[in-house]
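Next up is a structure, given as structure tokens.
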Amino acid sequence: GEIVLNSNHSDPAPKKAMEDLIADFQAAHPGITVKWNNFDHEGYKSAIRNFLTADAPDVVAWFAGNRMEPFVTAGLFEDVTDVWDANGLNEQLKSAASAMTIDGKKWGVPYTYYQWGIYYRKDIFAEQGIEPPKTWAEFLAACEKLKAAGITPITIGTKALWPTGGWFDYLNLRVNGYEFHMELTAGKVPYTDPRVRATFEKWGELVNAGYFLESHAAIDWQDAIPQMVQGKAAMYLMGNFAVATMKDGGLTEDQIGFMQFPEITPGIPMAEDAPTDTFHIASGAKNKDDAKKFLAFVASPEAQAKMNATLGQLPVNNQAQKPEDVFLQQGFDMLSNAYALAQFYDRDANAEMAKAGMEAFQEFMVKPDRLDAILERLEKVRARVYN
Amino acid sequence: MFPTPIQKASPLVRSGYKVMLPIALFLWLLPLIGVALTSVRPAGDLAAGNYFGIPSGFAGFENYSAVFQNSPIGYYILNSFKVTIPTVIGAVALSCLTGFALAVYKFKSNLFLFFLFVAGNFIPFQILMVPVRDLTLKMGFYDTTMGLVLFHVAFQTGFCTLFMRNFIKGLPFALIESARVEGVSEWQIFRHIVLPLMRPAIAALSVLVFTFVWNDYFWATVLVQGQHAMPVTAGLNALNGQWVAAWHLVSAGSIVAALPPVAMFFLMQKHFIAGLTLGATKG
Amino acid sequence: MADVSLRGVKKQFGALSVIKGVDLDVKDGEFCVFVGPSGCGKSTLLRMIAGLEEISAGSLSIGGKEMTKFGPSERGVAMVFQSYALYPHMSVEENIGFGLKMTGHSKAVIAERTAAAAKMLQLEPLLKRKPGQLSGGQRQRVAIGRAIVRNPEVFLFDEPLSNLDAALRVQMRTELLKLHQDLKATMIYVTHDQVEAMTMADKIVVLSAGQIEQVGSPLELYHRPNNLFVAGFIGSPKMNFLKVQVKGEGQATTVQLAGATISIPTSGAALSDGEMTLGIRPEHIDAGGQGDVVIEATVKLAEYLGSETLFFVTLADGSELAVKADGLASEKPGQTLRLGINTKACHLFDKDGKAVINGDLTR
Amino acid sequence: MADVSLRGVKKQFGALSVIKGVDLDVKDGEFCVFVGPSGCGKSTLLRMIAGLEEISAGSLSIGGKEMTKFGPSERGVAMVFQSYALYPHMSVEENIGFGLKMTGHSKAVIAERTAAAAKMLQLEPLLKRKPGQLSGGQRQRVAIGRAIVRNPEVFLFDEPLSNLDAALRVQMRTELLKLHQDLKATMIYVTHDQVEAMTMADKIVVLSAGQIEQVGSPLELYHRPNNLFVAGFIGSPKMNFLKVQVKGEGQATTVQLAGATISIPTSGAALSDGEMTLGIRPEHIDAGGQGDVVIEATVKLAEYLGSETLFFVTLADGSELAVKADGLASEKPGQTLRLGINTKACHLFDKDGKAVINGDLTR
Amino acid sequence: MSNTISAAQNWKRNQQKLAPWLFLAPGMLMFLIYVLVPIFQSIWISFHDWDGLGAKEWIGLQNYVELMDDDTFYVSLHNNVLWLVLYLLSIPAGLAVALFLNQTVTGIRLYKSLFFFPFVISQVVVGLMFTWFYAPNFGLFSQSIEWLTGTQVAVLADERYVTYAIIVAGLWPQTAYCMILYLTGLNNINTEQVEAARMDGAKGFKLLWYIILPQLAPATFIAMVVTVIGSLRSFDLVSIMTAGGPYGSSQVLSYFMYEQALSEYGFRMGYGAAIAVVLFLIMMVFISLFIVRMLSQERNA
């Protein structure tokens, strides 16, 4: 039969990965053809709502965690627990299992994720005699030293808002721990809680000291990279995809270093951000049987290995072949040892909340003195959204 | 004539004016010139911080071919044409009919209907957004050029009706009466007498609607999501997300997207301005 | 048979009553001209005959057939508009043939009739031109050609010459009259030009405020106006009107004017004594002092036009008169004129403005 | 002193030469009228005097002062435009006072002069109205008021009455003349209406194709036109022109016309024999057969206007003539008329169109 | 005579009554479906809670109540007023440019077209151009500011300047539009009135103020209409240049509504509709003014 697949792989590398994946799947299942509708990355996020209700395809690409929750509660995704059970995925995809589970059922399969962390200019660190910091104190000291040398310690571009989410996630994970972070993003804790304030206070230390790139609100995340390339900035908290852009900008592998976000509150186990991309079956699918075959195929170690090699990301399947890339290997090691994985602020929190939250983070990074007002506003949104 | 013709001024003022003209134009079009320059800049210039100096070389060919090869902009432009051309035809055709009806016949609700069309022109799109999107979804035209065409036709009909009606009102009514006395039916009057005389209005409206619809961004984002139906304005914004920091590509893409309406404007300038300035000069 | 007959025809525009009950018979083949001041309803009446305006009340028949409810295309009338209303995008040929084409005539018939009309109107060399390339007079002819091809029994014209310059107007006037002789069709013609009305009409209809004031031949109206309105409207310069005291005396009635007594034959009309209006045309007063009665007057203003001289004079009792004299008359303002009045040229109107005595030089 | 004097004035629009050298003196207080066919340059000449068009060559002086290079507001002239050019957004009062306001007069002065002008022109009840609420004649008066308040020495009018209807035109004509008498200012007036020119002018300037054809008083132009152009232009219906053979004979010259011989006194003019043009006005031919020479003619067309009858007749040799007769003349087409020609009314023009003999009835 | 009239005759006689409706039908229908009915639907939806997926839930005025308590709403409203007021600057600016260009020298036609150019370009492109123009570090504007004052300003990232910066981008094409309206207006000015004024001694600014401007009133009116409507419709530029940022400080109602109803983080259709209704009501004030004026014109005509 034919399965219709809607996805958001419009950038060149993901597009290539998908083309290969579909070709391989059709080779493995000669009876099945895949009709693939590829969407613009941003547009897809609203498009999915339309096609799921109006003219449902069989398989859709989406994201794990809270991001899939509205579709699950609206009954638009199909329960695929049987696919997990039948293919031993509970074991193989263990690291992402919790992110795919709602009400004890599995609602899709993950096929890729990637690590977040701090990328830095190795050569500059060496020049300034800085060791990659492991603790908050060391981190502050490193920043101070860089700043004194006329280098912006941390580059960032917050125009698209989401890069601020990374900072909040990590600060909150390190200050208050994974459980608190998940409760907060699930709307169970008020933003006026002193623990949230503590997180912001740590952030404020960086902001007030002027460690962030000055006009960050005007630029996109890519625009922040030339600062690093030109040696005007030294560190960048980003997802692994940033490496490619850095290399494009002219940095060599030797110049780029990767480190885990340093510890803040001692003793709190280190959790990481690792956004996971997934495939789901629409509940309105016409060809669910073949769609399940597709999901099973995507979950397989071979398919994941090949796909992620093209994507430059990490396979979720722990049986898959490890990547060769040094940064991915570092990430693989870090994530394998992580206490837990968060999906990212805008995937863990409800969409409305995420929007308000990230706007607030941006505002905080520009006007840290408005913290009280910001937190109150967030709390107002939380109270409304989660009721 | 006001101001006093420069020919009557002193030679000093006259030559001063002639010098001022190009300078003023240069300043006025500075953003555009900047973008045009950037679009032919080698990528290296940007990295080197040479954003608005003299380009180190001419990379127009590379940049523009890169835009077409590495992005679906060609496809977007095709989509834009697929939306724009049927809209122009549809809106102009419908408004010829409505304009004729409102200009030629006396009936009670005539003015009311006319003002309904006029008012429709000025309402904020946002008030239509949710229901129109819903309607388009239900009809299965969501994410198709057809969905955009239908909406644009309906909406532009309002503006075009205003224009057409006033234009036909300006035609000598005796033409129509004369034909009536000759035994010509109402449809024949429309078809054989009024329609041929509306050619200038049709031309003006076509150019105008073409530009409006080509430049539409809002509805393109509301009614279309996927690449396969996305017109170039929305596409350009999507590409802008992709090409961050690649200003030479963004610039080239912008210029490519702007080209068709600009060409249209320069080819049909008279009609374009006639359409825009409708009503601006008479009481 | 294509006589046009209106019975109690009225027209309302909303609350505004524009035609207030018109009875009129235009005979077959007659050339009938509507005149009247601007806004009196000439065009409206014509358009009602054409079917372009609905008839609010009353009835219209053409050629004996009741037409009140018919649309313009069913009445067998043709209309020539003031603006000619030529279709600017069609050639002369197409303009002339358009009506026939739309009403489903065959190509052959169209070609034949167009050719005939073009020949009659000397339009042959112009057939391929567009209206924009024609002179005013040529356009006028095309408009007539368009009317002719349909062989209408009634032609309607609404000020067809008013857009032409004076010389051309005179020429087209003659052409129209010739056309009327050739076609022998009924023609109804609206104009505000007196000379046109006087020279073209078999019958003039004088309208005022939506009503007919008088119907008659041009010279009838000139010499025997029914009332003050018609008397004042026809003729230029206007007839002089003077308030006078009237006294009957046998076969004549005497009028006191600035000391002089004018005795006007009553021709059998019975009239009561008292105040009346005496009317006399400027051209019927002799500035040379020849006439039944002679009155002295002082020149207030003189206009020497070369071909004639117009005197505006004051009588002994202060009343004012216009007098048309020969171009050689050269009296200056302040000088005295001896005015000769021909009693046969005097009109008398009663208090309601009705003519009681129409002095008529032709009788 | 506000005489206007033009010396060798020329105007070029690019390559087009519109005024080709005009010399003209308008005396202080004179009423001077420009006439001429459309496009001959009347408006252009007037606008050059006003300062609205630059003078390409030549010089202009007003009141003896050289004004060629001065701007329109510095020449002490006022102009009334054909469209009146009232400012539609200002009340009558503001319209009239605007010029004073612009030239920095005090409120009191403006109020006073506006009131005076309004009184003179009977505009007082209308002062608060906008031009849109005025009738044609009232607008005309406001336009004049706007000119008056500035106490100009020269008034310029460009066809000021052409937008009015006939009756109003006659009335405004009189008002303008009265104004001229009251103000005693120099007035230069453009019109295409002959009656206006004849009745209003002290001096008529006949222009043709950018050049002056003749300057003179109205009756001078009517009786003694310098050339064919002026003879044909002044007078309506037009002067009859007939090609004739001329032969000198002592104190007179004889002309052969349709078999008859007309002997015209030369009054001392030396003229050679041969073909010439005989001119005689329709009103100078007597349809009753009275005259120095009598010719028989056949009526081709007759227009009975009541006050007069126009005959278009054919002579024995086929030449055509227009004849103006009394309103009672009732000959029908085809009938024969005996035309009496007064030799004193005959004009002779040579091959170049120059008048050689101007028969003049007034002499 | 028979009493029955044939169908053909019947049609012939009544076609003038029926024809307008037949001519109107297709256009009217489209307009009804896509423009008129949706207005009422939107108002209806604004009384509901609806995420576009499930069923609508009637919540009465709650959306409006929430709106009254929403900071972003007030920011948007404030910005809308800014837009409205500042956008009107395009009218005098357009007039100034028009006066500057209203000459007949060689090549002036081309100059006029080139000055008009910005209006022809899509607002998306205008937005991108100005983003580039304003870009910190390298944008022409930032460079000039740095050269002038010594400090950089990232105008699009600064809540103090961002709205002004976007409005400036909007003024660019709008001024061109007003310019063309005025050029046409100037072209159609009654020359005799200007000449009369010159004879009356009016010159320069006085002439402009007392005679020219009043005559340009129709052009000014149209310019007002399109400018006011345009300012309230401002969506494209905000969307392209800042997406309402930084942190919502350049938000305007039209974009706010879109964001609430359709963006990635939104899908609050009811709330969005409520914003749209507010925007619609504001706009209706201006539309009514416009219609009333047009109506009186029609009546006079």
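For clarity, chains are labelled A, B, C, D and E in written order, and residue numbers in each chain start from 1.
One rule holds in what follows: contacts are C-beta pairs under 8 Å (C-beta built on N, C-alpha and C of every residue); 3 or more make two chains touch, one makes a residue touch a chain.
Computed from a predicted structure; not experimentally measured.
Colleague: Moving step by step between touching chains, how few steps can get you from chain B to chain E?
Modeller: Each step joins two touching chains, and the minimum needed here is 1.
Colleague: Among the other chains, which touch chain B and chain D together?
Modeller: A chain counts here if it touches both chain B and chain D, which gives C, E.
Colleague: Would you kindly tell me how far, in whole Å, the mean C-alpha position of chain C lies from that of chain B?
Modeller: Chain centres of chain B and chain C, defined by C-alpha means, are spaced 56 Å apart.
Colleague: Just the number, please: Cα centre separation of chain A and chain E in whole Å.
Modeller: 40
Colleague: Among all residues of chain E, which ones touch two or more of the remaining chains?
Modeller: As it turns out, chain E has residues touching two or more other chains at 12, 15-16, 135, 211, 262.
Colleague: For chain D, which residues are shared contacts with two or more other chains?
Modeller: none
Colleague: Could you tell me which residues belong to chain A and also touch two or more other chains?
Modeller: Within chain A, residues 42, 46, 53 contact more than one other chain.
Colleague: For the complex, which residues does chain A have touching chain B?
Modeller: Going through chain A, the ones touching chain B are 10-12, 37-44, 46-47, 50-51, 53-55, 220-223, 225-226, 249-250.
Colleague: Within the complex, which stretch of chain A touches chain E?
Modeller: 42, 45-46, 49, 52-53, 70, 74, 76, 158-161, 214-219, 346, 351-352, 354-355, 359-360, 362-363, 366, 377, 384
Colleague: Touching residues of chain C toward chain B in the complex: what are they?
Modeller: 47, 50-52, 71-74, 77-79, 81-85, 87-89, 98-99, 102-103, 146, 150
Colleague: Where on chain E does chain B make contact in their complex?
Modeller: Chain E residues touching chain B: 12, 15-17, 19-21, 23-24, 26-28, 30-31, 33-39, 41-42, 45, 97, 99-100, 102-105, 111, 113-118, 120-125, 128-130, 132-133, 135, 138-140, 143, 172, 177, 180-181, 184-189, 191, 194, 207-208, 211-212, 218-219, 222-223, 225, 229, 232-233, 235-236, 239-240, 253-254, 257-258, 261-262, 269, 272-273, 275-277, 279-280, 283, 286-287, 290-291, 294-295, 297-298, 300.
Colleague: Quick one: in the complex, what on chain E touches chain A?
Modeller: Residues in contact with chain A: 51-54, 66, 71, 134-137, 152, 154-159, 242-243, 245-248, 259, 262-268.
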